[in-house]
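Chains: A, B and C, in written order; residue numbering restarts at 1 for each.
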Amino acid sequence: MSTPDFTSSGLRRRRAVNRLMELLAWACAAIAVGILGIVVFSVARRGAGAFNLDLLTKTPVPFALGPVKQGLANAFVGTIVIVGFAALMALPIGILVALYLIEFARPAVRNVVTLALDVLNGIPAIVIGIFVFGLFVVGRGQSGFAGAFALGCLMLPLVARSTMEVLVLVPTSLREASLGLGVPRWRTTLSIVLPQTIGGIVTGATLGVARVAGETAPLLFTSSIVGTQVSWNPSHALQTVPVAIFELSESPDPADHTRAWAAATVLLLFILFASLGARWLATRSRRKLEAAR
Amino acid sequence: MPNFGRFIRSTAVAALAGLVAAIAVSAAGAASARRADTTITGAGSTFVAPLIAQWVPAIANAHGYELQYSPIGSGGGIASITARDVDFGASDAPLSPDQFTACKGCVQIPWALAATSVFYNLPGVKNLLHMDGPTLAKIFLGQITKWSDPAIAKLNPGVNLPDTPITIAHRSDNSGTTYNFTDYLSSASAAWKSQLGVGVAVNWPVGSGGKGSSGVAAIVSQTPGAIGYADVAYALQNHLKYFAIKNRSGKFTVPALRNILAAALLDTSPAADGSLSIVNPPKAKKYALAYPISTYTYVIVPMQTAKARDLKIFISWAVTHGQSYGPKLIFQPLPLPVVKFDEKSIAKIHS
Amino acid sequence: MSSAELTDAPRRSFTGRRVRLGDFLLQVVAGAAALAATALVLLITYKVVEGAQLSLGTYGLGFVTRVAWNPVAGHELYGAASFLFGTAITSLLALALAGPLAIGIALFLTELAPRTLRAPVTALVETLAAIPSVVIGLWGILVLGPQLRLHIEPWLHSGLGFIPLFGTPSAAGASIFTAVIVLAIMILPIVSSITRELFLGVPRDLKEGALALGTTRWEMVRGVVFPYARGGIAAALILGLGRAIGEAIAVTQVIGGGVFIHWSLFSGGDTLASKIAAQYQGATSNLQESSLIYLGLILLVFSLVTNLTAQWIVRRVARRQGVGIARA
């Protein structure tokens, strides 16, 4: 970098360039805030007006010949069931993977598995959909379980990474003290170390749920041939909110669009709530752990 | 601390148990996706979806069946029933010999009769503009690009056609309606036949793709100057204007019940595989009123299936009582010879 | 440092076998989970290759360069070239729009923003990342598309129509241009949050040293922050690109569909991901289904390459600077 020009005209020019760049940076931030505002405002404005309790309590009536009360109850129930099972599958495995990597693994093994997790995180959701389709749906039919498995694959890296991040923060002195007292390794890990990381685990789980609740692509392959009735049984395909929004978005009927906006608002609120809550939890648990060091 | 440890241990045990349970249930569930005995699942044609939607409450009342139908396009229906992902598939495009082989012992039964309307969005212009096959082919080939084109004006003397560019809406998925439409265009235009041919999806040179008949209707209703094709029920439900199309007898006909019936006279005895072709009937007195883009649509079921009893009751009901739900959606009730053929085909289904 | 190293000294087991069994069990179960996670990636690759086998065998690598997608029975011919083009043009343009914007936002948040604005704006940008793609697609179809069709595209066409990129405005609002805007909105948060972490990691003394020499803030950024964070910015951009390449749902909702390559941004088209999403459910022949999975295989290869490249850059930079880069 050449020496700055300190002559008064040079200084003026450099200050002008600086001012311009600062304005540009402000402009970028304004654009980002603007875009977010426009999208969220669009969805909220159209969705809030359309929202009524029917959305959650009534089932869809396709090709209705006259005005009829309908909603997306089957989709909301299906999402709860499928995302619930996905979390049930991904959480234990994610925690165990994180435990293994931090507590037991040699650095070489840790690098390989971490790389695998990062690669898994980067695989497009639609490819995961193709994978689960080939694995579970071919020959057996679609099911909520297949959908949950696909979403679980998407959740796994998030849960594992989040748990790893907090496991690393647990002070080694804690482990040393426990082992020094004669507590066996496995008990140290499960009873002493793991409880410290509950905050991080919950954060990871919440972030994972927030991410997969809105995923559409894997569900198109695994749980899209559905009926209109509410069902809690994941052994056959269940309608889900993102797939319902996807189908309604391409409909010619403005009433369908209205319902799509309303469902999108509910989904968005849930995801925002979960994301912000998770981040707040993460900051809080991190602060607690760092204070304990 | 000790209490905490016990708490964590019990949580860990519970989580582990939950994991084992989830995996066990999951494996069992994904391996044998069994549905309630009175649920009949199907997927396929969006063309027939409005009629099936009327059947859902009706058959629940008549026989207690819960009918679950997913309109994913005829291609999806054929794929789903071939993979036995559903109990029945619905398609407007008849199965090819290869598809019959892949389906391993399926029977194809015509169960509804309707027509593909060609609709347009031109504010300020009247409904039922005149159109004929060759001009339609040129439009969808991208050779006619404006509504004010002389070819269209010649068919509609006295109508003030705007200079709006024509936007084509076609199907992006594999569609029996596309099959019906391209079947007609191939029959009416040698250029179309040689360049694009007939199929559930073709190499559309121009236009936007919409998913399902709804998708096409959506594009047309939101885009001034657009033109698209789908079962006439979609045009009616979305208040879209559609063409009166010139048949081979020289008359401009609309997709209405008696015009569909006239077209159906072209072929009243289904072939061995159950298919019928009634597109573009030739010039003759009895086809004078025929609408040239009419078509049958089929249900495809395996001849051997665990749900044989329920499927037989359902399909028999559909081709008899179910037909009464058709007329208000412009589905012409099946002619008697076809119903008789259907009954023989239904008898082939066994468990 | 793994805690395994803490316990190298021989243990006095107070309770004998039970202790070793517990340790052993935990290690085995956790190890099995880790193995499963790693095996999953391999299984996914295997399954995708297996599904694409028919098409791979029929077309080989010629598939990648052919512009065709004809499912008409008897004339079946498939090729990926038009979708590769669609993927390339949408992702690269989206990155060109979102990249500089994201860097600008990151700069703003680390250098310029008053303390009170910092947290809310950061939270806002992260919130954009949380919006599901189907909702952005819904917004794209019903709000963005019509706006582009009615106002922006005609304006661009009238002003810049001599460039073939800006051809006749799309009548339906669904076009490559709409898809580019949608993708840019979706990758903005990822790139900006990674870049922000990078900028936060630049050592203060380096920055203050430059300022003490009398540079303006911009000169300091250009001379200290950018060179320091250069590798990380590249990784962030590549990760954003990978995200854009893999996006299927929002793109298929707004891109309009099309098999042939058109130069105008306002025409319809398809990307690898959006084509799969559009046609997968209804593939009528095994060859068509296998060809769609072949598209998925190409997509998988792309995402692996971008992901691994970004990882490699990150690890190389981290090794050189001893700085870890947190991921969004």
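Here are a few things to note about the model shown:
Quick note on the criterion: contacts are C-beta pairs under 8 Å (C-beta built on N, C-alpha and C of every residue); 3 or more make two chains touch, one makes a residue touch a chain.
Computed from a prediction, not measured in an experiment: that's the story for all the values here.
Counting only contacts among the remaining chains, removing chain C from consideration leaves everything joined as one piece. Among the remaining chains, B is positioned farthest from chain C, on the basis of C-alpha centroids. Across all inter-chain contacts, the pair with the most C-beta pairs is A-C. Inter-chain centre distance (chain A to chain B, centres taken as mean C-alpha positions): 37 Å. Chain C has its Cα centroid 15 Å from the Cα centroid of chain A.
Within chain B, the positions touching two or more other chains are listed as 72, 210-211, 222. Those residues of chain C in touch with two or more other chains are numbered 281. The residues of chain A that reach two or more other chains are 92-93, 187, 190, 224, 250, listed in rising order. Chain contact summary for the complex, chain B toward chain C: residues 72-79, 96, 98-99, 102, 165, 167, 169, 172-175, 196-205, 207-211, 219, 222-226.
Every residue of chain C that touches chain A in the complex is listed here, in rising order: 1-4, 6-7, 12-15, 18-19, 22-23, 25-27, 29-34, 36-38, 40-41, 43-44, 47-48, 50-51, 100-105, 107-109, 111-113, 121, 123-128, 130-139, 141-143, 185, 188, 192, 213-219, 221-223, 239, 242, 245-249, 253, 273, 276-277, 280-281, 293, 296, 299-300, 303-304, 306-308, 311, 327.
Those residues of chain A lying in contact with chain B across their complex are 61-65, 85, 88-89, 91-93, 136-143, 145-146, 148-149, 187, 190-192, 194-195, 224-229, 234-236, 250-253. For chain B in complex with chain A, the touching residues are 4-5, 7-9, 12, 15-16, 18-19, 22-23, 25-26, 29-35, 39, 41, 43, 49-50, 53-54, 56, 66-72, 80, 83-86, 210-212, 214-215, 217-218, 220-222, 233-234, 237-238, 328.
Chain C makes touch with chain B in their complex at residues 68-73, 75, 146, 168, 170-174, 256-260, 268, 278-279, 281-286, 288-289.
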